[in-house]
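Chains: A, B and C, in written order; residue numbering restarts at 1 for each.
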Amino acid sequence: MIPEEIVRSPSWYESSARNRIAGVLDADTFHEILGPAERVMSPHLELFDLPPAFDDGVIVGRGQLDGKPVAIIAQEGQFMGGTFAEVSGAKIVGLLRAVTAAAGTPDGVSAVLLLLDTGGVRLQEANAGELAVSETVRALLGVRAAGIPVVALVGGRAGAFGGGGIVTACCSHVVISEQGRISVTGPEVIETNKGAEEFDSRDRALVWRVTGGRSRVLLGGADSYVKGDVASFRAAAARSRNAAPPFTLETMAAEQERLEKRLSSYGDCRDTPEIWARAGLADPASVPDIDDDAFLALLSEREIKHDAR
Amino acid sequence: MTPVELLTRLFPSGHEVVAGPFNTLAGRAILTDGAAVEVVGVTDGAPLSPEIATELAGRIIRIVQDGKKTPIVLLIDTASQRMTRRDEMLGLNEYLAHLAKVVTLAGLSGHRTVAVLYGAAAAGAFIATALAAQTLITIDGAHPSVMDLPSIARVTKLPLQLLEKKAETTPIFAPGVTPLAATGAVLENWSEADNFSNRLETALTLEASSDTRDTLGEERGGRKVAYSVALRVAAEFEKAAR
Amino acid sequence: METFTIRAQARASLPGTGRQAIVGVVASGNLEVLLERSETGDAVVVDVTTSARGFRAVWEAVVADFIARSSPGGVRFSIHDNGARPDTVTLRLLQGVKLLETQP
């Protein structure tokens, strides 16, 4: 028997990108652009003897959230690690540019929802993927400069790594669950390059303490923490759409201050419990162990809020 | 090429660019027509750390706050982002993104931004620095990359020799100026014999309000489908709104 | 990789009016199936692209069994497979026709 709460609201982590979209948007409002039947696929995977996907692992389109139009992008972390590549990246970039072009017109949207689930750049298409990340950053900031918030939703299997970590931090607002992970260089790559002494990637608790959702939201790398079900992500997306900082010089100056302060306050810490202790948390070692309700209560007590992203 | 040599060749009319903390440099320079530009940079192949990112971003924010819309030239010789547990714990992704955002904001605010890559840049550090400027120029000997081939071999579980052979037929994944230029990342490469100050002054006059790297990649044949896919998505977006 | 097409006749055409559907993901040990109601009469076409070479006979047996069970006439199945087991293939095919049948 499947528990009732799982039937009502499936896990974000376990869901496919298509199911996440269906769960985030109002029912039957999703209009996919360049859907699978268009067969817009990677021209490069064949060179590596790898099977392609009809959507190249990225689903883009329009829909509604609480009756208001939104643009939506979802990466499928199970296909090639949800990577940025020539086609998958161009779909993201094309949508973001179209959103900017439509800003202020009747075709405009109220927000862009970016459902990240990515290991970063697809190495089989490394140069195209790297450029796709850079183009995504520029197009995304164009959307924000046009006054439209971009909300990142992070809680998938592949996390938001590499260029995906950079793209996440370019968004107006970041929503994350306990299972969400954000980082640039993954623990395995650090271990390969610098040794297990620097970062033991098999120490899962350590990996989560460094990259996981709770640490990110406590430190300011994410803005909203949600339970890991699809309905919670939907509710947070709707809420945060109205609370996103504009992309301005003032916001960047505030972010500069926020990030400098973090470096001077915690730059000599070795592990996150050290940071939480210095930040005045009553029981820093318990942060990974308490349940989501207790963690949410802890967050609301501390009122971790900033308008600098 | 050392930063000192590079600065002399870029700005024969003079400059006040000096070394800053964490292998950075910054200062004003004068073009041959007397106009001023602001220079910021990374030297000595230093891996991009939170400290370097905040140093550079802080500089650029102050330049934008000045309100004079002075062109900004970024001189880049970095490596990958720094790979430490400490930096990742502190949210290196935010520091790299902050730098990319600030460089992009400068461009959107009317500052012409040109990056000159005179050494290395890789992975996330490449995205946050050289690729964040409106225009990227490389100098002979520059080495941009996403990941080196031995690391790609390790991650993709493909033999290195096979990757080296495939790299001869496609620019899509191999490191270096030539393949990256083919995909549209690099506007132009300057060779040792070029007149750097002339070429920089020409580059600074180019219009750069929109991102045309995918059209460049299509023209050069290194990224054949990205531009057309992005265009199709945009056309369908308009239709989907109806 | 290996690519081939299997053609067959079903007993009857698939009920419902859905035009296309997609199920599954090209993950390791998994596959995606794109279904399009594009064939005439009760014809069935199955286009297979698979990472595993040398299993065409197994695919033909799985498809024959599936067509006998569900009779999906008029449908083209386009498959990208990354080494899924036969029971996973059958599951996806059945999920696909159910989705296509019930779609508006």
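Methods note: a residue touches a chain if its C-beta (ideal position, glycine included) is under 8 Å from a C-beta of that chain, and two chains touch if they have at least 3 such contacts.
Everything numeric here is computed off the predicted structure, so don't read it as measured data.
A.B. asks: Find out how few touching-chain steps suffice to connect chain B with chain C.
C.D. replies: The fewest steps needed to get from chain B to chain C is 2.
A.B. asks: Report the chain closest to the protein's overall CA mean, measuring from each chain's own CA mean.
C.D. replies: The most central chain here turns out to be A.
A.B. asks: So how far apart, in whole Å, are chain B and chain C when each is placed at the average of its C-alpha atoms?
C.D. replies: Here chain B and chain C have centroids separated by 46 Å.
A.B. asks: Need the CA-centroid distance for the pair chain A / chain C, whole Å please.
C.D. replies: Using C-alpha averages as centres, the distance is 33 Å.
A.B. asks: Measure off the straight-line distance from the CA centroid of chain A to the CA centroid of chain B, and report it in whole Å.
C.D. replies: Roughly 24 Å, centre to centre.
A.B. asks: So in the complex, the part of chain A that touches chain C is made up of which residues?
C.D. replies: Residues in contact with chain C: 16, 18, 35-37, 46, 49-54, 76, 78-80.
A.B. asks: Quick check: in the complex, which residue numbers of chain B touch chain A?
C.D. replies: 50-51, 54, 57-58, 61, 64-65, 80-81, 83-86, 88-98, 100-102, 104-105, 108-109, 123-124, 126-128, 131-132, 146-147, 151-152, 154-156, 158, 166, 169-175, 179-180, 183-185, 211, 213-214, 217, 222-227, 229-234, 236-238, 240-241
A.B. asks: Within the complex, which stretch of chain A touches chain B?
C.D. replies: 31, 33-34, 40, 43-44, 47-48, 60-62, 69, 71, 86-87, 89-91, 93-95, 97-99, 101-102, 106-107, 121, 123-135, 137-139, 141-142, 145, 160, 162-163, 165-170, 182-185, 187, 189-190, 192-194, 198-199, 209-211, 215-216, 219-221, 247-249, 252-253, 255-256, 259-260, 262-263, 266-267, 269-272, 275
A.B. asks: Enumerate the contact residues on chain C facing chain A in the complex.
C.D. replies: 1, 20, 22, 25-27, 30, 32, 34, 36, 49-51, 78, 80-82
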